[in-house]
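This report concerns only the one structure given below.
Per-chain residue numbering starts at 1, and chain names A, B and C are given in the order in which the chains are listed.
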Amino acid sequence: MPKPLTLGEIASRLGGRLVSGAGILIEQVGSLEHAGPRQIAFFSGPRYRAQLAATRAGAVVVPAAAAQQTRLPRIVSDNPYAYFARVSQLLNPAPAPVPGVHATCQIDPTARIAASAKIETGAVVGAGAQLGERAWVGAGCYLGDGVSIGADTRLHPLVTVYAACRIGERVIVHAGAVIGADGFGMANEEGRWLKLPHIGRVLIGDDVEIGANTTIDRGTVDDTVIEQGVKLDNQIQIGHNCRIGAHTAMAGCAGVAGSAVIGRHCTVGGAAVILGHLSLCDGVHVSAGTVISRSIRKPGTYTGMYPFDDNASWARNTALIRHLAELHARVGALEKPRRKKRKAANG
Amino acid sequence: MPKPLTLGEIASRLGGRLVSGAGILIEQVGSLEHAGPRQIAFFSGPRYRAQLAATRAGAVVVPAAAAQQTRLPRIVSDNPYAYFARVSQLLNPAPAPVPGVHATCQIDPTARIAASAKIETGAVVGAGAQLGERAWVGAGCYLGDGVSIGADTRLHPLVTVYAACRIGERVIVHAGAVIGADGFGMANEEGRWLKLPHIGRVLIGDDVEIGANTTIDRGTVDDTVIEQGVKLDNQIQIGHNCRIGAHTAMAGCAGVAGSAVIGRHCTVGGAAVILGHLSLCDGVHVSAGTVISRSIRKPGTYTGMYPFDDNASWARNTALIRHLAELHARVGALEKPRRKKRKAANG
Amino acid sequence: MPKPLTLGEIASRLGGRLVSGAGILIEQVGSLEHAGPRQIAFFSGPRYRAQLAATRAGAVVVPAAAAQQTRLPRIVSDNPYAYFARVSQLLNPAPAPVPGVHATCQIDPTARIAASAKIETGAVVGAGAQLGERAWVGAGCYLGDGVSIGADTRLHPLVTVYAACRIGERVIVHAGAVIGADGFGMANEEGRWLKLPHIGRVLIGDDVEIGANTTIDRGTVDDTVIEQGVKLDNQIQIGHNCRIGAHTAMAGCAGVAGSAVIGRHCTVGGAAVILGHLSLCDGVHVSAGTVISRSIRKPGTYTGMYPFDDNASWARNTALIRHLAELHARVGALEKPRRKKRKAANG
């Protein structure tokens, strides 16, 4: 249970302008829709005005532009959502691991494990592996030989980290993620596939978060690199040899094919795909469902989502896509006599 | 091995009109293509007429319209596929769990576990968790603190259920599914991502089935809700705060982004994506590979699949999509003189 | 650490034409970009000419056409990438399992396990299961009753193989893969979904590789079949009753819906989707991000990727797709008077 704070205490710890209600006691964050009198919600913009009017929250975080749109106890912030995140972090601190290695774990005697680390039921830690201070390895996780896990990093249950991969500090890895499996590197020789041994590693920087069942393949020869502050949602696939730049975020089911290089501060929407061997510069935003098929050298937002429609309209229009080139030719033919006329008139 | 039944016994238990062959012994279901004389198959329509003619099945389930298209022992049903499912359920009853907790499990002493429940090798059950009658937890599963599993629910091996999530009765969860991981909720503050603690839960209703490696994130503040009778195939991603309406089914690799609300009796095709914060009314059918980018308020089938073609034709036509606006303008220009003429004629 | 070889030894073992540097000692493979003097790299074509010029690799594998483009010690090969793969296999042989069953495993007494097999921590092997010579089962794997694993096959950690499934020889299955879960087979009966018991199996041939978190469903009635030499990347979903032909390869996040039949020597790009009940002949190549919505009877490359663009251009052009039929009609109307004229002239 989080420790309650007054609205005044919150403002004095996190900043923001307290408009009223300094003494209101806040126990938890809530949504405008469901918060009660001991909860604080946030208001992000006009789309939620009706919810703001109807909310029973005890207090709200609002942008300056909306400071007068409610009489509730409130804090004004430039970035209400980030402010709300900080309030929630204050009220819901991540639990600290209780140090200790469960009796059912199999820890190689050559592994070096900080005394403050916690390893839960049935986990396996290979030869020469290292766990930093307060590292927390969930039940059933598997860390191969030579794996390194930084301080304050938490692996949720059933995470696999193949041999030699390195994970930084304050990283969160959710259940079922697989880090360092062999990439899809094969040479075709007379119709048969010849496997390339994968001798590269996966290197993950500090403050990265990796979602449930996400997979990141090790490099074929060089390493796959996830830079600091990268956030990967669930079920993402990162191919071998990729480099994902610092503070880039990708939504669920995105896929990055092998050897792609993605810049810093990029975002990749859900189920978007980046093809192999491409590079995206810093500050590129890829919309959901988009396939990026060539490199991008200019920051901006890029989209390639097919417009959905009711099925009959879709069928009618989409069939014509296969005839676009003909349509262009027909329009060109229609334009021809006029061009001739114009030419004749000018000539 | 299922217990054999005569065709007459099947018809008397499940209804349907027995045309002939009451005494035929049926041991198992089969496909038209591979069934033998002790197996019953089903015929769903004209597409499979050749297979019906050639089948060596001992009996078939057919729709009324096809009652005379075979001389085989047969049962006529309005819904042959559903009838076939019921026959298969009769012949292949789900195994009942043999009660007991394996010695290698780690069960918190405060967990309340029905005496009829079964927990397999190496599973972990957290503090205050509850397991209903005949609940069956597979090997290596992890149930966090306060998790609740309803009666007759089965978790296959290596399922993770994060703390406080609740699963109803008669639910099936396949291997590798992850329920209740943190959603992808982050606020951007000067280029860095600030994590929102996820204090909501995942609530799963009765009679739900969840496929292998599917992930369902917990709510940020409120709960993620999967209503009764929902069927989710493998590798599906359901974002935080979503609500999936009762009896909705989604095929493999579908993705639902955060805070989307999907109605009852919907279907979502394979690899389709529903973007965040949208709502779909009851009875919406989304085709495979479609990205739904705005809310849908009218039942029906919606599609947004790009038509595939041989690569050369695709390349030729698809390049022109980037020039559609120009093409429209050119057609408009061609129409202009005529419009003028018409106007002049009318004016 | 791999055992070093001279370039001459490599050429005498693997063939290829040694141009110079027979005595050079090679310890490891490397990339043109990062290899040092004890490493061998490969050059595949003009795109990497600058890297070839700048490389500090000790030796390179080159195609005949590039035999004179470098003065480095080199081997000429018709297929430099395959040659490089073979060199890497020579220098990085897959580790052999140290036979033995870890004390924490739960092995059914009726299972038949070759004396040379290795089973790691906490794995479960069901009744009647069989493990061939040198089979290697990773930590936390679950093999259901009657599962069969061929000789020299390796399951990485946390792989689930449901009851009765059969895996061939020299197969590699990466962490988190799930083989044999129930397929998504349900009949709709008055708005409720009725589950079809899945009594088919998954049969996997020899020399198959299956990526991390990939899922392959068992057949509803007949079996799901993955033929020999198939290579599946991570996070692929193969539906019930599918057949994937020998030596076909699929990139990450691809999905194959139920009962699809894919030929031999096909390739399926990342995140591509093959809809259910289709068949693709041998030698079909599906591009990334493509949805295949009807059967393909002619070998070749097929694509259906929507072209991405900067967001504003995309929005402008894509909105017009919903009006393609109108545009066609308008162009038809423009053509009409001309057609009449032509008709009049000809008539």
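Just so it is clear, contacts are C-beta pairs under 8 Å (C-beta built on N, C-alpha and C of every residue); 3 or more make two chains touch, one makes a residue touch a chain.
Everything numeric in this text was worked out from a predicted model, so none of it was measured.
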Original post:
Graph of touching chains, which shape: line, ring, star, complete, other?
Top reply: complete
**OP:** Would you mind working out whether chain A and chain C touch using mostly the same residue numbers, over half shared, or mostly different ones?
**Re:** different
Original post:
Hey, what angle do you get rotating chain A onto chain B on C-alpha, to the nearest 5 degrees?
Top reply: 120
Subject >> Chain centre separation in whole Å, for chain C relative to chain A (CA means) >> reply: 25
**OP:** Give the residues of chain A that touch two or more other chains, as numbers and ranges in rising order.
**Re:** 104, 122, 140, 158, 176, 213, 235, 253, 271, 305-307, 309, 318, 321, 323, 327, 331, 334
**OP:** State the interface residues of chain C toward chain A in the complex, per the touch definition above.
**Re:** 28-31, 33-35, 79, 81-82, 84-86, 88-89, 91-92, 94, 102, 104, 120-122, 138-140, 156-158, 172, 174-176, 209, 211-213, 229, 231, 233-235, 247, 249, 251-253, 265, 270-271, 288-289, 305-311, 314-315, 318-319, 321-325, 327-328, 331, 334-335, 338
Original post:
Which residues of chain C touch chain B in their complex?
Top reply: 104, 106, 122, 124, 140, 142, 158, 160, 162, 176, 178, 181-182, 184-189, 191-197, 199, 213, 215, 217, 221-222, 235, 237, 239, 253, 255, 257, 271, 273, 275, 286-287, 290-293, 300-307, 309, 313, 316-318, 320-321, 323, 327, 330-331, 334
